[in-house]
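The first chain written gets the first letter, and so on, giving A, B and C; residue counts start at 1 in each chain.
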Amino acid sequence: MNESTNARTALLEGVDVRKSFGTGARRHEVLHGCTVRVHEGECVAVIGGSGSGKSTLTRILLGLETCDGGDVRFRGASIGAHGGRRGDAGRAAMRALRRASGIVYQNPFASLDPRWTAFDSVSEPLRLRGAHGGCGDTALEDRVADALRLVALEPRDFLYRYPMDMSGGQAQRVAIARAIVTEPQILLADEAMSAIDVAARLQILDAFAAVRARNPKMGMVLVSHDLGVVQTIADTIVVLHDGVIVEQGSAADVLGHPQASYTRDLIAAATL
Amino acid sequence: MGVVINDLNVAVSGTPILDGVHLDVRDGQRVGLVGPSGSGKSMISRAIMGLLPPTATCTGSIALNGRQLVGLPDAELAALRGAAVGMVFQNPGTALNPLLTVGRQIALPLELHYDVSAGEREERVRAMMHKVGLADDLYKRHPHELSGGQQQRVGIATALITSPRLIIADEPTTALDSMTQRHIVDLLVSLVDEAGAALLFITHDFSVLAHATQYCYVLDAGHIVEQGRTSALLDAPRTPQASTLVSAARALTLHADTTSTEGTSTGGRR
Amino acid sequence: MTDTPNNGTTTASATGAPRGFMRRAGVVIRTMWARGTGRFALIVLGAWILVSLVSLVWTPHSIWQTNGYHVWARPSADHWLGTDGTGADVFSWLMAGSRTNLLIVVLTVLFAAAFGLLLVAMLVSRHTALAHGSVVAIDALISIPTVLIALMLAVPLGASVTVIVLACGFGYGLNLARVARPSAMLAARSMYVESARANGASAPRVFFTHIVPNIMPVLIVQCSLSAGTAVLAEAGLTYLGVGVPSGVPSWGHSLSTSVRFINIYPLTVLWPGLIVTIAVVALNLFGDALREAADPLTNPRLRGADGRRHQ
């Protein structure tokens, strides 16, 4: 564990998070008390095989799913993530988290409305926040164009293009632009590269790097099973196996000197 | 023997997809076909299987074990599919019939192509399940009860049950996580080598090819732009298309220097 | 982000999809016109609307002008399509009838679409009890024949246009909801809807911005089928005496007054029958052409991508 970063208040933290699916005899716990912290400017990669619970954990962190035990805090305020008994304070923290987060999903062709242009999709979060209230359509278009430029898509060509006329890498960069156009404090990338061609993954990584450079205080959570992707971008790595965090620490430590045998297996599988 | 493709042109509704493709896979060879999505990789496997879309026109020559496939009536192609050529699909979740048990699924090509008694069929299926590392008690399970890796093992068993001389694997690991990917690739390679069959491995990821193949072709926009030994291509790609793919694979593969202590456990095939 | 210098040329020079409602509508109509079936539908529907409007101010003869000495006349220079059993001009009656049928078609489609969309909204609702309940309710109600509903409505309402519109709109609305449900569910469970919700979009907003556009192809086809069936239903219900009241001109009216003499004067049945058939065919072809032309996924010109493939 990195002591110096732990001393600061975390931007987003999940403490002893537990989650079960099913009821009665078929009930089984998929997360057995996981504690994860994301600080300002930090990129935390949650890695593990399929069924390890990594997607569930990060969805709980972002308030997209509830948990059955433990707590999620955004800037120290609990969002009251478990059960239906979310108090007023919890609801306020939850709203703050929602407004401050952006999500990039696995498959851009499923996460972009096929009947919307890039402009429609990228401007949606702004329009929903009423952020262009005083500044009109031109200002909205400028902000969308700016977000597209940041992910290396020329607005002239892409602003009014539909997803079906884009390659996977281009569509995913539009999805990234949608996630970052509101300048979120937290960005979740949920397997954002595994459905993309290997050649185009580098462009996605470049886009994420550009976003982080523009907004250095943004925290990022990266869910991946691909260590090659993780090593290029993550500061901290959390290794999840069967709902238990078997190892976490700085990327260099975890990849260079893995302690858990599961981590070693993962590294062995990923080395050329 | 194996498959020899000469000057293959495929156009779908008038749009050319493949343009003068030459490719051959001999018995006992493991050959890779790599290219970005949309380059026409899957169209080659469909042409070999005789599964081109109805609007497609196909000229050139595909010789499978010396037999010309282009222009063959569908009934004769159907007799070859599953018997002479086995196919492993990208997404095992959708390639398996959800209503069939694992045992029935694997037995299907045997039922279609060979006259074997039920007892012998079960015996051969169970032996094949053992080979691909599926536990015996999975015989009566349905696909949805299996993990992604287990499903792909069923897919491999189904493709290999009739001992075809050519196996086409179309992005067989893309839908799987990295650890399962490695297991599936290793399994496929060992089974193909054991049977002495030919393997055509289609992927967009060079790093997978390094483990799975000895020789490979790079496809871009319907043309074969480069071909050669996989190791040579990885070390020194000559064309920009190939070097894009190689550098992407290299940048996104765990660097050996970060994992110096673990380097030995990989037993690299290079 | 906002303070980045911008040369302000983005809007003017950006390539891609045509923007603005009028420009997009223009593209849609031109695409439909370019296809033979679409052109036929546009011409027939255009003529229908035109004739309806003209009939308000002019018909060759007044429809009330009868002539006891000149009944069941053959077509002539004076009576282009002949006269009916009262000696009234058939052509004038069909012209006047076209506006009644147009009104019925428009009202029925509007009612069916509104009712159908309400049902679809219930079907994709996040309240599972409401969603499940409406599936059962729709399946139960859809088994009631439209004619039966019309007969029951005719008891309190009498024979009127309202009966046709309510009965047909109700039946077609149910049908629309059932046919549109799969694609609506697909959109409702998609990641782009989750993304919109995560950004604070309300359920009605998600419904109108994401779900409705994505079921639009189904909606268009169903509405055009409803429109065609409404023309047929008007004829049937009027013949049964629960449709358009006697005295109001309509194609169904023209059919029902002459159909009894079909063996003696077949020509008088032929004209309204022919018009109904052409109208129904045109409506169905219109829906088909509109579906393809108005959907950006099937019409590359609407995406500003004439045959361009990615990269």
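Throughout what follows, a residue touches a chain if its C-beta (ideal position, glycine included) is under 8 Å from a C-beta of that chain, and two chains touch if they have at least 3 such contacts.
Predicted model only: the values in this text are computed from it and were never measured.
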Of all other chains, the one whose Cα centre sits farthest from chain A: C
Chain centroid nearest the full-protein CA centroid: A
Centroid spacing, where centroids are CA-atom means, of chain A and chain B in whole angstrom: 33
Approximate Å spacing (C-alpha centroids) for the pair chain A, chain C: 46
For chain B paired with chain C, centre-to-centre distance based on mean C-alpha positions, whole Å: 51
Multi-partner residues of chain A (at least 2 other chains): 167
Chain B residues counted as touching two or more neighbouring chains: 38
Junction residues of chain C, two or more chains touched: 309-311
In the complex, chain A residues that touch chain C: 62, 64, 98-99, 101, 103, 105, 107, 110-117, 121, 124-125, 128-129, 138-139, 141-143, 145-147, 155-162, 164-167, 170, 178, 181-183, 214
In the complex with chain A, residue positions of chain C that touch it: 1-2, 4, 6, 8, 10-11, 13-17, 19, 190-192, 194-196, 198-201, 205, 210, 213-214, 216, 295-297, 303-305, 308-311
Residues of chain A touching chain B in the complex: 49-51, 167-168, 197-202, 225-229, 231-232, 252, 255-258, 264-272
Residues of chain B touching chain A in the complex: 36-38, 147-148, 176-183, 204-207, 210, 244-245, 247-256, 258-263, 265-266, 268, 270
